[in-house]
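Shown next, in C-alpha cells, is the structure this report addresses.
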C-alpha cells in the first residue's frame, strides 16, 4: 500500500520534471514559430503572445517564398543527408566489425588511425579538400558534399560501433560459423540486426551536423542548383538582417521540415533501439 | 573449437573487404587534406613562398605574449566550457534517460521525441533564437523574470564578461543533451530483465536499484559519452561563432580554441588570415585532444569492465 | 521529298548555328560580395542596367554574409572556384589578396580615368603604381536622429560636444526615448560607430592619421585619448543591457522608434528608409569646442576587382569599365543611398538623408578611418583591438588611458615608426 502510494508520488514527480524539461526544450522553437506570423511591431511589443487578428501577418513568408526555392534546397539537403548516412553506416559498420571481431596485426593501430578523425577539426583542411574537388570536377555537385560528410562521419561511427560490436555475444557468431555461414553472412545477418540501436544512435549523431552544416556547402557547392537548406536560410538571414518578419519566417521554414522528418523517423529510431534491446 | 583453429585460411581477405571502403574514403578526403594543412604549421610564408621553419611557429604561439595570452585564454575558456558540460549535460542526460527507461512511464515516446528536438536544430537557429530570447531589447527573458517578480535577476548575460561563457555553455548543453540521453537510454535498455528481477527480489527498486545495479552496468557508456563530450567541446566552434561572432566577445571572454583557430587561419576584418599559425593552433588542438583520448583509452576504459550479455 | 529534306537540313543547321553563336557570345560572369543585404537591388536594378548596355553578358551577384566573406573568398580563390569579379574591402585586406596574385592589375583600365588618386589610394600598392580595384563608394559617419522625437522634445541637433551631452541628458530625463541606440556586443560597432565617428574632430582628420603612420603621433597622445574619454560618457545614455545589444538590435531599436539617436554610417540609409515610419534627419559629429574646424570620416569603403583566373576576362573588364560610367555612379548612389560614388562624375542624389550627409563635405575636411591603411598589418591587429578597446571603454571595464596605452603598446610591438 505504502509502496503503491510512493510509486504514484514518484510518477507525478517524474512527469512534472519531464514536462518542465519539455517546455524548456520547445520554448525557442515556439517563440520563433509564433512570431513568424506576426507584424513587426507586434513581434517587438508582445513577443510572448500568439498572433491574433490584429497582429497576424504573412509578409515574412511572402518575402521568403519570393526570394528562394526552398523546396529545392530542402530536396538537396535530403539527398545529401540520406546518402551520406547510408555510406557512413555501411562503411562504418563494416570497418567496426573488422576491428571488433578479428585479431590481426595492426588492429589497434588501425582503430587509432580511424579514430584520429574525431580529433581534428576537418574545417582546416578546407583548401585541400576544395582542390581535390576541383581536380576531380566535383565542385558544385552534391557528390562532393556526400564524400566529405561520409569521410567526416566515419571516425565517430567506427568508434561507437566498435564498442557495441564487442558486446555482441561470441557464442552466437561461433554458432553461425559452425553452421557454415560466411563471414559476410555473419556480419549482415547476425551482427547487424543486433547493433541496430547503436546504428540508430550513430545515424542521429551524424544526421545533425550534416543537415545543419553551413561551411562545406558554402565552399564546395554554393551554386543555386546545389544549395542546401541551411545555406539557403543563412544567405537569406544575411539579406534581411533587420527584416525580422522575413528572418523568422526563414528560420521557421528551416525548422519545420526537420522537425516533421524527425518526428516521423523518431518512431523507427526508438523502435530500432527497443527491438535491439529486447532481442 | 579445435577444428576451426586448425583450418585457418592463409589470408583473411574478408578483413580487407570490411576495412577497405572506410579506410579509402577516410584517407583520401580526411587524412590527406589534414596532413596537407598541418604541415603548414612547420612553414612560414615569406614573399608568397612557403619556407620550412621547423618549430618556430610553435615557439611564437607559446613564447610570444601577443599569441600565448590568447592561447591560454582560449584553453582556459575551453576547459570551463567542458566542465559545465560534464557537470550539467551528462548528469541531467543520465537522469532523463533513467526516468524515461522506467517501463511503466506513460507518454515516454512523446517525451523521448521532444528531448532530442533541440539537438536537430542548426547552430544558426539555436544561436539566433537564444540571442533573441536573452536580448535586452526584445525583452522575453526580462519580462518572464518580471512575471515571477525576479526582474532584478536579469542581466545582459551574453554581453557580460563574467556570464557570457557560462551562458553559452548552458545553451550548448540545452542543445546537445539528447545525445548522452540517447546513448544511456540505449544502454539501460540492454540490461537483461533477469538482472533487474533478481534485484527486485533482493528488495532493490526505484532509485536504489538505479544507483546500485544499473549505474555500474552503464559505466562503459558513461565513459563513451564523457570522451565524446571532451572531443566535441574541444572542437566546438559554431555556436560561439554564430552567437558572438569571430572575435568571441565580450573582451575575448568566450574565445575557445575553435574560434581562436578560425580567426587566425582565415582572418577577421582587417586582420589577414595566417594559415601557418592557424595550422599551428590546429595541431596543438589535435595534440590536446589526442592526449585526452589516450588517457581515456589506456587508463579509464581499461578499468571499466565490459559486460557481455 | 528531297527538297524538303534539304530544307529541313538547312533549318536544322541554321538553328544549330544560331545556338552556337548565342553560346559563343553569351557569357555569364559572377560577382563575389559581402553585401547580402543589397541582393535585391543588384538583381532588380544594377544588373539589368548593365545587361541592357552590354548584350550577351550575363551577371550573377552571389553574396556571402560578412562574417564568412573573407574566409570563404580566400578558400575559393585558393581552390580556383572564386567568381570573376571580387568586391574589395579597402586597403590592407585587398592588398593582401592582390599580393597573393588573386586580384588582377587593372591600372590601365579606361574607367580609372574617372577616379581621383585619393579614391584609388584605397586599392593601390603603397607606391601607388598599381591599382587593383575600381573604387565604388565611400560611406560617411555621423548621427541619424528621429525628427519626430526631436520635435516632441523640442530639441535641435547639437553643434558642440557640450551641447551633445546636454541634449542626451534632456532626452534621458524625459524618459520617452532611449537617448542613443548602440550596443557593445559585436565590438566593431563600438569603434566604427563611436570612436571613428567622433574622433576625426579631435585628431584633426588626415593630420592625425598620417602622423600616426609616420610615428610623429601616438595613440596615447591627448588627441587620440580624448575621443575615448568622450565615448566613455555614452554609457549612461544607451539602452538597458546595451552590453548584450547586437548591431541588428541597435538598428531595430532605432527604426522601431524606441531610440532618439543612432550613431551611424551612411550605409544605413536605405535600410532605415524602408523600416522606419517616422521622419529622419542627420547631424555631423559635434566639435569639441564651438568654432573649431570640423572633420568627418568619409571612408573609401567598397571597390571591385577582377579575379586573374577568370575565364571571361573580357566580360569582367567590360563590367569594371561600366563601374566608371556616370550611369553607374548615379544608379548606385541612388539605389543604395548612403553609398556615395567615388567617381569624378557629378551625381544628383534624390534621397534627403543622403543629401544631408554629403553636404558636410562642403564645410568639413574629409578623412578615412585611421586604422585601415598600413596600421593593421601586424599582430596584434590594431583594427580588431580597436573594437575591443572601444567596447571596453564604453562599458567602463577599461579606462580611456589604459585602453590607449594597451593599443599603443600593441602597435609599437611590430610597427617600426612607432618604436622610436
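Note that the chains are named A, B and C in the order they appear, and that numbering of residues resets to 1 at the start of each chain.
As a convention for this text, a contact is a pair of C-beta atoms (placed from the backbone, for glycine too) under 8 Å apart; a residue touches a chain by one contact, two chains touch by 3 or more.
The structure displayed is predicted, hence computed values, not measured ones.
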Point to revise | Interface with more contacting C-beta pairs, comparing A-B to A-C | key: A-B
Revision key, fill the gap. The chain whose C-alpha centroid lies farthest from that of subunit A is chain C
Revision key, fill the gap. When centres are defined as mean Cα positions, the distance from subunit B to subunit C in whole Å is 38
Revision key, fill the gap. CA centroids of subunit A and subunit B: separation to the nearest Å works out as 15
Exercise for review: Let me have the rounded angstrom distance from the C-alpha centre of subunit A over to the C-alpha centre of subunit C, please.
Suggested key: 39
Review point. In subunit A, which residues are in touch with two or more of the other chains?
Key: 44, 126-127, 214, 234, 237
Review point. What parts of subunit B, by residue number, touch at least two of the other chains?
Key: 137-138, 262, 265
Study note, to complete from the structure: Listed in rising order, subunit C residues that touch 2 or more other chains are 75, 252
Point to revise | subunit B - residues contacting subunit C, complex | key: 48, 66-67, 131, 134-138, 142, 154-161, 241, 244-247, 249-252, 262, 265-273
Check your understanding: Along subunit C, where are the residues that touch subunit B in the complex?
Key -> 67, 70-71, 74-75, 89, 91-93, 96, 99-101, 183-188, 239-246, 249, 252-253, 258, 371-372, 376-377, 379-384, 387-388, 391-392, 395, 397, 410, 413
**Study point:** subunit A to subunit C touching residues, read off their complex
**Key:** 40-41, 44, 67, 126-127, 130-131, 133-134, 139-140, 214, 218-219, 222, 234-235, 237-244
Practice item. State the interface residues of subunit B toward subunit A in the complex, per the touch definition above. Key: 4, 12, 14-15, 17-19, 21-23, 25-26, 28-34, 36-37, 96, 99-100, 102, 104-107, 109, 111-126, 128-130, 132-133, 137-140, 143-144, 174, 178-179, 182-183, 185-186, 189-190, 206, 220, 224, 228, 231, 235, 237-238, 258, 261-262, 265, 275, 278-279, 282, 285-286, 289-290, 293, 306-309
Practice item. Report the residues of subunit C in contact with subunit A in the complex, numbered from low to high. Key: 36-37, 39-40, 62-66, 68, 72, 75-76, 78-81, 248, 251-252, 255-256, 271, 275
